[in-house]
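To start, the structure under review is shown below, and the notes come after it.
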């Protein structure tokens, strides 16, 4: 997974950095790109679970939701400083991941999928019932997160590069983790758990740790998402959003974390384009998804490599 | 007399109404190859599963290096120096031969909670992995993905991985399974050389290999050990011959 | 919380549980026998409801509508199987999740296109309208009792089919060890079509029955599906008996929990906080129960597989 494979992700990062100056600098485009990068971050973290540990989580949207609602809770209390909000969001998600992961990781296969789905649903319903934070209708932030009182994040360009920075950092982290000793144990356990155990490895603590790390990164994405939309609703935790995230991961292909990023960008762009093109765009999106699963094994990245 | 490293006392295992392991007692000493043979269905693989930790016995005890390991999990036993090879090759398919062996080295060398260095570039791990591969004759194929190796090469890799663990005892479950005569001969020579460093419990169907390699043989029939002794003693044993009556002895 | 209210809640919970069971039974067998995770099972329930409502409106009779809706739901399920599902049996779970997710997106939107997004109404049949006096001052809706009865009868039928017929034995064997059953010469594909079709009909039946009391709208199957998953996880994959017990448990916990929690909270705090905390806790209750059970039995209460 070394040098030759880095050209694609680096190309994507450079393109994202240059985009605002290459004609995509209007508010609407920047918002779209931010959305793409934020979901890219979440998808990259999910890839650590799916591609690395072999854990198909159908509840990753809840991790984003934890981060987003941490912003809400602090905003409601009048606290908007970045040095409080970012760690709070990340820790909230990590804690949720630890508590639910402790149960979920003891299972595998379809059990794990269903349990993560269930916990995600639990989080969804809980946020829906908290009227003080808007309940079903959602919560509008009083302001974006501030940096020592300065409202830098309200500048779209600044926000663009904050998101990009976070994305690159998380991508690098996942890439590094996968190649480390820790990642090697995860990957071996995914492919042949019996062999890993016969060597002396108990996969459970490694998987739980991966789950918490992925959750924490999801929380970071959630904090950024709250800032991007300045609005948070339980819908952010809907299981359909978890399904979207899984689709992004598989769309890109599991060769490396950059696949998830490419998948997320493609997803966000296609969704945007389709939803403007027709009212019932899901009529097309659904079958598109099915066709991708049928024919696009290896994802977009796989296609590019072959082509 | 050499030190006993692995001892089984009165192991018993039933599946529903079927008694698969019936009061099995045997031991394996340092420097010996103790072969376990028996007709099909005798319960050899089930016994190996109980020793390695895949299955829990219903009764009986297993002692390894003086410690009672009966209730320990498979990873825990592996970490104490009990290595196992599988009858159906069990490697990590997408890892290269080198990385498969390096994973085994990693399991006992230092913590795997290392997050930042690329494991594939750790020279110390790779060097030891290469040594293990060289011992089985696979060093030329170190960079090949395990999935691309031939069947015989994968059997070799299976043993290399066990060696890379630097265990005290080896449980070898039909290492010659599915190999042709040339490969079998190579493996027999390799296994013979392992004798000195380890205590080996060897399950095999290939009688030629068994009688060439074994210092002692235990015969398992219907879950019970019906005889234990040197190859000559076993050859002469009436009960053993009776157990194998009707069975095709591999030429 | 007085006895009357508690009894009503309990009955509602059982009735909900029985509906859940009908949906979960098909799901658990499909998963047990074919190792196929089918997120689209919830739309089967939704389609049943829409078919029931439409056919009732067309024929003017609830009974005729029900009678026609069942085979229609079966056909619909088999079409889905032919077009999408059968290409997924050999694929990994992630692919199955995503492809069936695509089916959900398509069908939820499709129903919106055909019927509109507004909920459809389906009237309770004349015969089953009104109430049954159960206790002093308690008039329980006849229709809900009918659902309970129909559900229990179906459960009994299912029990009989699975435990006492040859086909049922094959299904049970398949749920425990499908490759073995196939190796024994049983046409596992045909067995599966039988299981799948029956499961689709059960879900559709549940949809038709639920239609008069719940609103028939796009996405109505989604939340029920997730609860059905919780049921299967608690009950044990591949086990119909487990699904039955777990479904009743989940139905009761959900319903009684929602009723009880705010009142329970009022013991500790004021009315409005109690309502909120109670609602929040009630949402979590089923999942906490699930987590508690899984902590001791990770494979569920009655796992079919060893």
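Some points to look at:
We call the chains A, B and C, going by the order they appear; numbering starts again at 1 in every chain.
Everything below uses one rule, namely that a residue touches a chain if its C-beta (ideal position, glycine included) is under 8 Å from a C-beta of that chain, and two chains touch if they have at least 3 such contacts.
Note that the structure is predicted; figures quoted are calculated from it, not measured.
Relative to subunit A, the chain whose mean Cα position lies farthest away is B.
Comparing per-chain C-alpha centres with the mean over every protein C-alpha atom, the closest match is chain A. Separating the centre of subunit B from that of subunit C, both taken as means of CA atoms, is a distance of 49 Å.
Chain geometry summary: the mean Cα position of subunit A and that of subunit C are 31 Å apart.
The centroid of the Cα atoms in subunit A and the matching centroid in subunit B are 44 Å apart.
Counting partner chains per residue, subunit A has no residue touching two or more of them.
In the complex of the two chains, the subunit C residues touching subunit A come out as 31, 35, 37, 39, 84, 87-88, 91, 93-95, 97-99, 101-110, 112-113, 222-223, 226, 229-230, 232-233, 237, 276, 279-280, 282-284, 286-287, 290-291, 294-295, 298-299. Those residues of subunit B whose C-beta lies close enough to touch subunit A in the complex are 52, 73-76, 78-79, 83-84, 86, 90-95, 99, 103-104, 106-108, 111-120, 122, 161, 165. Subunit A makes touch with subunit C in their complex at residues 50, 56, 58, 100, 103, 106-107, 109-111, 113-115, 117-119, 121-122, 125-126, 128-132, 239-240, 243, 246-247, 250, 280, 282-283, 285-290, 292-294. Subunit A makes touch with subunit B in their complex at residues 2, 176-177, 179-185, 187-188, 191-192, 194-202, 206, 209.
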